[in-house]
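Please go over the structures that come below.
Heads up, the next two complexes both have chain A, just with different partners, chain B and then chain C.
Let's look at the complex of A and B:
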């Protein structure tokens, strides 16, 4: 009955989030994490003589470890708040969602708590990653069959497999 | 005595004493020195958030017993609740005590609903002493309604910070310096809001509805009260409430405060302000009660506002229905009438 009248008043006081500022912040902090990742990549290749094909894996594991430890120390959520989307879109955000969910489940035990709840948030990411992988694979298959896209050579396939691993 | 649709006047209801237990953010906020027990360990010495909130409720009740010099068997009835599924913190805390108990839920309005129910029992001679106890814990609320505590997803400026606090009130028929003199039960209002991270906008219409009805049914002007306190519309909902009441012909701007903004300093990271069943509970039973006792305030209307959603229903594209309950407190001269 009074709904429309309420809605009008609520609309009048609506606070619009500053999208541009948020995007700029996310771009800066997201870029900062990428820069750290790139530095690790360089470090592994040039200082520790890791092969260029395997170095990305080392780098990713390092970032995941750092994000998980920061989550455990209660610092990553603060970084997330400051950095806006720059903190949770990256792989460090994925690691944070796993660790945070696992920590939250700790009080319910190892099986029903940590193991069950760990993928509470990350589950959706995995489902859509697998789904989109399937559909883009299918798309590529047809494009190759129709002669629109070139077939992958053996070297590229091995490289991609290595990255995925 | 019933007046209008759902307003009531009480003649025999007094606040004997009250006790509050708070977390670190509340203890270091502007009202810090009004609270009895300050827990700087978010777990309150326990192993989970559920148990931490349970412990807070136990401590609040123990403090009441200590202050009033009574024990559980001196209580005729107790009312209370929290925000957790099946009111686990309150129910589990109450198993320690030998008291007839009524579990209450109306989200952040639980404290006020409990006060109204207890007052009704006292007024009608169904009890001589009644206890109310209401709590919330910030991390428990995160776990129940939002994301894991350590999750790094950013929060918007309209979201509110659930207070960590448990407030207990001991009401009695024996006259004391604080009288509970009137109340208005709320009607559920759905303002068709869908954003669970903006409760202020959803709850303001319910608060406006209850306040205007309270004033109308009791035949009081808005300036009858020294202070009209809402809990908790915070900085988003408060201006909406003032605007809505202006349309109804009540100007409360100069005498309106919100618990969610009273409890924290603007520099504390609480976004739009505090919320949670514990917020209005500790502000009322810690701060407001003390202001009335010392006669710095004489007549206060406290309006608890509750958003009656859960985390499943909002993902089903449903709107957020809200309720607001109001209770009027006044300072009282013992033995000297009003």
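Let's look at the complex of A and C:
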């Protein structure tokens, strides 16, 4: 009975997370990074004459490089604290978790530290990507055979035509 | 116009992640794994393709696109090799991203001192 009362009192005084403020922060910073990515896309297609199909890959590699270096400088942690979910939902967060884990293990040497601990956090992402890719892939394969799901569209790069316009 | 859509879609996905973190008390690791699974699930009926067409980098930068490109590579190989292709083509599109992430993480760890 007493613990029941206690939890009720605790719940009343618990700090409520300010949903709107946190979501707005994540929205702003996440959107900003995506805007930067889109700018890189434009830059590569228009100024460096990269083929439209490969420009997204270059853009991803560029942002991964930036995130890794910022993590090395210790700046990405600050960005992650300010930007809330904007820091870890994007692919920059994946690069950050790899680099941060690798840096953390540096004191234990190159093989046992950097290489072994690199995937401490990001390994789960790869595991779930393989699992979901396999099972949903199997599902889509049979649905395509039955004519329910659409077959693969090889023109997924059409969005870049809009960038060019 | 695609710049605006990239900002809006990328921002909305991040806001959704933040909502999950606050509402269900999930860690970043949980949310990222969940988003990868969602991205793969959205590709069953080619829904994520439309989002990429619509928002460009706004749909390619969120970690959902990792699950999406795993599915895409798998389906591409499945067209020629059948079920074996699902396992074989899974990483064809994501290799560049994973390789560069490992490479840059290793080099950064080698040349920078850990801050703590």
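Worth pointing out:
Keep in mind that, in the parts below, the second predicted complex is superposed on the first by the 148 of 165 C-alpha atoms of A that agree within 3 Å, B and C clash if a C-alpha of one lies under 4 Å from a C-alpha of the other, contacts with A are read in each partner's own complex, and residues count from 1 in each chain.
One rule holds in what follows: contacts are C-beta pairs under 8 Å (C-beta built on N, C-alpha and C of every residue); 3 or more make two chains touch, one makes a residue touch a chain.
Note that this is a predicted model, so its numbers are computed, not measured.
The superposition on chain A brings chain B alongside chain C with room for both. By the document's definition of touching, both partners, chain B and chain C, reach A:74.
The wider contact with chain A, measured as residues touched, comes from C rather than the other of chain B and chain C.
Of the two partner chains, both chain B and chain C are touched by A:104.
Of the two partner chains placed around the shared chain by superposition, chain C is the only one that A:23 touches, whereas chain B remains out of contact. Within the superposed three-chain model, A:85 lies in touch with chain B and with chain C [touch as defined at top]. By the touch criterion defined above, A:38 reaches chain C but does not reach chain B.
In the superposition on chain A, contact of A:9 is made with chain B only, not with chain C. After superposing the two complexes on their shared chain, the closest approach between C-alpha atoms of chain B and chain C is 5 Å.
Applying the stated touch rule to the two superposed structures, the overlap between the chain B and chain C interfaces on chain A comprises residues 17, 71-72, 74, 77, 84-85, 88, 93, 99, 103-104, 107, 121. Chain C contributes residues 1-3, 6-15, 17-19, 21-23, 28-29, 31-33, 35-37, 40-41, 43-46, 49, 52-58, 60-63, 65-67, 70-72, 74-76, 78-79, 83, 86-87, 90, 94, 96-98, 100-102, 104-112, 114-115 to its touches with chain A in the complex. Only residues 2-3, 5-7, 9-10, 12-15, 17, 71-72, 74, 76-77, 79-85, 87-88, 93, 96-97, 99-101, 103-104, 107, 120-121 of chain A touch chain B when the two sit together in their complex. Across the complex, chain A is touched by residues 47-50, 143, 147-158, 189-193, 201, 204-205, 209, 236, 239-240, 243-244, 247, 269 of chain B.
Per the touch definition, chain A reaches chain C in the complex via residues 17, 19, 22-35, 37-42, 56-57, 59-61, 63-65, 68-69, 71-74, 77, 84-86, 88-95, 98-99, 102-107, 110, 114-115, 118, 121-122, 124-126, 128-134, 136-141, 143-144, 149-153, 156, 158-160, 162-163.
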